[in-house]
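So that you can tell them apart, the chains are marked A, B, C and D in the order they are listed, and the count of residues begins at 1 in each.
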Amino acid sequence: MSSNTDFEPKIIAFVCNWCTYAGADLTGTSRLKYATNVKIVRFPCTGRIDFLLLLKSFAQGADGVIVSGCHPNDCHYTSGNFHARRRWIAFRSVLDLMGVDIRRIQYSWVSAAEGSKWADLVNNTVADIRALGPYAEYQKVADYLEKEGYNEEA
Amino acid sequence: MKIGFYPGCSLTGSSREYNESVVALAKALDIELVEIKDWNCCGATAAHVMNEELSLSLPARIMAMAEEQGLTEVVVPCAACYNRLKVTQHELEDENKRTRVIEILKQPYKGDLKIINVLQMLEAYGAENIKTRVTHPFAHKVACYYGCLLVRPHSILKFDRVEDPQSMDILIKGIGGTTLDWAFKTECCGAGFSVSRTDLVAKLSGNILKDAADRSAEAVIVACPLCQSNLDMRRGAINKTLENPIDIPVIYITQAIGLALGIGAKELGLKRHFVTVEL
Amino acid sequence: MKKLRDRAAELLSQGVVSLVIGYEEGTKRPRPLFCRNSESAEKLIFDSRCFHNLAVYITKKELVGKERFAVTAPISTLRSIMQLYVENQLSEEKLLVLTVDLSGELREFTTFDEIAAYVAQFELKRGEREQGILSKIEAMDRAERWKFWMEEMSHCFKCYACRSACPLCYCSKCVVEVNRPQWINPWPAPLANMEWHINRAMHMVGRCTACGACGDACPVGIPIDLITRKMMEDMAPEFGYVPGQPAKQGNALSSWKLDDREQFIR
Amino acid sequence: MSKIGVFICHCGENISATVDVERVAREIGGMEGVAHAIDYKYMCSDPGQTFIKEAVKKYDLDGVVVGACSPRMHEPTFRRACAEAGLNPYLCEMANLREHCSWVHEKSEETTEKAIDLVKMLVEKVKKNKPLDSIKVPVTKRALVIGGGIAGIQASLDIANTGHKVILIERDPSIGGHMSQLSETFPTLDCSQCILTPRMVEVAQHPNIKLYTYAELESLEGFIGNFKAKIRLKAKSVNYATCTGCGACIQKCPVKKIPSEFNAGLGTRTAIYVPFPQAVPNKPVIDRVNCNYYKRGACKICEKTCQVGSIEWDKEDEIITEEVGAVVLATGFDVKGTDFFPEYGYGQYKDVLTGLQFERLASASGPTFGEIRRPSDGAIPKKIVFIACAGSRDPAKGIPYCSKICCMYTAKHAMLYQHKVHDGESTVFYMDIRAGGKNYEEFVRRAIEEDTVNYVRGRVARVYEKNGKLIVKGVDTLLGGEQVEIEADMVVLATAGVASCGSELLAQKLHVSYDPYHFFAEAHPKLKPVETNTAGIFLAGACQAPKDIPETVGMASGAAVKVAALFSNDELVREPVVAVVNRLAPPLYSTCVGCFMCETACPYNAIEHEEIKGRDGSLIRTIARVNQGLCQGCGTCVAFCRSKSIDIQGYTNEQVYAEVMSLLND
């Protein structure tokens, strides 16, 4: 696929508080540089991350998504990441069956000690998504009757 | 009672007496042995150290033939063959290996054949009949010698207690014999080195016989042609390594039971041994 | 069939159950019948055309009430009943299950173990229709699949018949009715439709018993039942569960194994 | 509309160097629902915090977002500031502008825009924040200690000495555990009994300790601070209130040939017995399995000999319930028997012993009064072989782990043997010598150098009996791997330490997780070694993994401190980040349909079944309820709930949804 350089992918990262969020903090304290395209949403645990949030991200114009948490056996809650892993195994195959572009979701385990891994993860994902181009396919679908629709202020 | 039968090379050559006794005993116990058609050598004891594909293909073909014949269970008296067939079955659980072997064989192989040794056959289909049909109680003190191929590797064969097997002892007790608790039940006799390194075989087999003799065994009972030939045929060489020669016979479990059931020594091939059998 | 009618009438007249849910002749095909007295039991039928999944009614408290009731169930329904039991929606003392086995014999189940044992004899196979469409989909590449489903989804006008027909959609408040936040918009629109069906598939992982009721109910004939069926086919071996059999360690997504296999996590 | 205050920190230069903080404040200030937005050099400094406090009052803020460093750094600081200003602390959130932005990006337009997005995100979140109160759980200040070995004894004493009540239960008739069976202890060779017995007595006499021997845990309900323990007091058949422990009954008991557990099967005991002379309590129990009366209904000799009539034939097991706030598991370990080793004779050779049996031989209170004699013929063994790693570090035997204590006690055994049998010859077969610990290596060296113990590095393939001798066939891997054959009079196997029998069952009763070998699992391998995954249940000693006495005692004291800390407050205060199941007015009650898949998903067994009953008491529905004492707030249940009936405070669906929307919506 041709990589169009003028395109700045929007990427949203769902991370757990105990490993990857802390890992990203370490990236900061070690002053490692990475692309600005990724914004982090903090969760207590990957087990908390609802698959609908990933769908919503694409609907709202994200070109890529990162989901990251503790390595197996390192979960602060002992098994949240194992539950998450299963959820993602299932979710991926649903999306694949429906023809959603699963290359745009990058799952990873980043521990609190892997500051550099986080930087690499972000940079690589940004590069991959840039190569894939904007996820217009999905957004086109979203831009119909939706915008005014979502979540009225309660 | 019908069951598949794979004699293997030894039983048609150096160990005909084993074959004879197995057949005779099966007959006496109304077990019908159905020989696998057009069977081939299993490749023991050399193939698996030379060429893996060959060492898997040979036994695989044997089992494929048996499957083709519609057999579900096959008795393999020779411990070496028994070992190779079981190990092959285990190895071929691996997808890639299986596909490779099948393309070598050019014939289907399912791998669900039940492979059993003589002891298992007697346990499963003979135990009761034997008890009721003993006419000449086997009133002897013997050392049951299992060797290595019958029980090892345990993780694959899953047969008996690996360091201290009991199945043969139980059978012997069943026909009125007494068995020794001795040290060399599962030590190696030298097996395949019988020809190439007689000296080594003499030493290893010597230890085995010596311990049995020291504990005043009247005979050593075996269920493996290799063990038998080493302990029996190589007796001359063995005795050279010992200060006082040993003359206790080495007979097959099938022969021992055969005697107890009153089957003639000739039918049981007892005349073929090098060390004369007077039991 | 005679046996079934007699037994149903007997159960009702003896007051063993207050209701028998079964099938009667309809205009085009059999339709559900709710017998509350032995007379109406005469109308009961049970044959290969009776595949409408009656399990959908047995979680409706307003319908089955407090007393014990009976339901006539072909295999597909039996599987749903098992799944409902796994999900704590049924209790043995309230339920009595009738079915007619292949030899035409009437069978009566009072425990879930019996049902599980009986169901275990039947394997879940793709029918011609399923095989036809699924093999087509499986042959497509990603973009083609997306086009295919977008096309199909464009017919969906969110009647929620799939939801009403599915015995496992028993939530008192469905996620589309949850409005803080409004995860999925309830109206028909390409995105809302896509999200709804992906969501359905995810909610069915480890639960769907491939009875086909949802697809059967869809008025515009979207093969939605195949989404959940395909998931079932792929996930069941992956996570080691058997549809229609009790799951000791819990639902596929509420449990996990140390060695769950996956190649996509960096 | 919400009134949110936004405070952007320069962090000196740390943020402002790459992020245009003024612009961030300016743009956010224009956001809907933002009442006040400023930037300042050091938000965390006193003046900085004062800005926040004043703004909260002045603009009557209902939410605060501080754009500064990582919340993992200063969230508590700013939440406290808000609280002091009268704003619920949980209405304050932080945007991570330093670690996640200024430090990882160059100075640029994008960097500033990202900073703006990050703040926006948190503003949107805060709009959905709800005031929360930290959770308070009452604490019952009484501890239950399970297991009366040295671990349980130490834990009990330490807790009791902090002034809290302790209930100590032990399944055997006496406390003391394995340590009471030991002869001398490494590396000091001081007598085990001499250092243990005083502590046993102390336990018995301590005003804060209630001791139940011959008792087992039946069930445990509840959660941290509020457990209900059902304890089965097994029938002793002797009334301890009246029994004086004179021991006459024991003298007279006709059943004398029962292998003594205390002597690891080497000695014998009677049917009515005290396990060992220094037992605590020092009163007998009747072993009903072996007692003539219970077997045949006749005998009752003990009853005749008992002056005070303490024998209670028809006494039955008693179940009592105790309320406790914390539990310490100290159930210790077992050692594999010699029968586990076919290659070493399947336990059929009398003179092949386990290390524990050798301890009894070497112990002055043992069956041979401390003389090393062969169980077979009572002769003094002139040649003895010790086999280390018998079972341990042997995957083929299903025990891949190191039992840790064997290297040391084997050296001790060899040493003791040399001290007792001067013309004796001792050989130790070992894989590696693991003597990590204060004075441990020195101790082993002493055995080798001063006591001339012959150490052979290699495994033993076989041990068999031949004319009265035990033939040990091994290999010496240091000297060219040649075979060694020793004619020994006695062989001692340092058999593997394994989880004590029944620990799997106990773990299930307590909802404590355990490893593949049934040792109880600690909450974190490094940082929470004495905690379990079930809050309020702690571990002490070898029930977690094989360990020696010093380590066990240390761990026991550690567990005791955890309990004391828990008991130091009347209430347990916890972050309100926990899951909640929604409740609605009748007839709905809740959108939860009670499929209870959250129950299987929850790692903490925090999901309970709540029965909703009508006025007539009839059951309407059963729905899920979260036990806030047990919930740790991972939120796995939330993502799993199909009807979104369960949500987690602090990370509610509304909050995270708002964050996602804000990030991308433009």
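What we mean here is this: a contact is a pair of C-beta atoms (placed from the backbone, for glycine too) under 8 Å apart; a residue touches a chain by one contact, two chains touch by 3 or more.
Bear in mind that the values here come from a model prediction, so they are computed numbers and not experimental data.
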Original post:
Counting C-beta pairs in contact, does A-D beat B-D or the other way around?
Top reply: A-D
Subject >> Nearest-to-centre chain - CA centroid comparison >> reply: D
Original post:
Just curious, how far off is subunit C from subunit B if you go by their C-alpha centres, in Å?
Top reply: 57
Original post:
How many angstrom lie between the CA centroids of subunit A and subunit D, rounded to a whole number?
Top reply: 37
**OP:** Could you please state the distance in Å, as a whole number, between where the Cα atoms of subunit B are centred and where those of subunit D are centred?
**Re:** 52
Original post:
Just how far, in Å, is the C-alpha centre of subunit B from the one of subunit A?
Top reply: 63
**OP:** Pull out every residue in subunit A that's touching 2 or more other chains.
**Re:** 51, 56, 79, 83, 87, 150-151
**OP:** Enumerate the residues of subunit C that touch no fewer than two other chains.
**Re:** 180-181, 183, 253-255
Original post:
At which residue positions does subunit B touch at least two other chains?
Top reply: none
Original post:
Of all possible chain pairs, which ones touch?
Top reply: A-C, A-D, B-D, C-D
Original post:
In the complex of these two chains, what residues of subunit C are touching subunit D?
Top reply: 87-89, 170-175, 178, 180-181, 183, 203, 249-251, 253-255
Subject >> subunit A - residues contacting subunit D, complex >> reply: 8, 10, 12, 17, 21-22, 24-29, 31-34, 36, 39-45, 47-51, 53, 56-57, 60-62, 76-80, 83-84, 87, 119, 150-151
Subject >> Sites on subunit D touched by subunit C in the complex >> reply: 588, 591, 593-601, 622, 640, 642-645, 653-654, 657-658
Original post:
Touching subunit B in the complex: which residues of subunit D?
Top reply: 342-343, 346, 348, 462, 464-467, 471
**OP:** Using the touch rule from the top, collect the residues of subunit B that touch subunit D in their complex.
**Re:** 161-164, 181-183, 211, 214-215
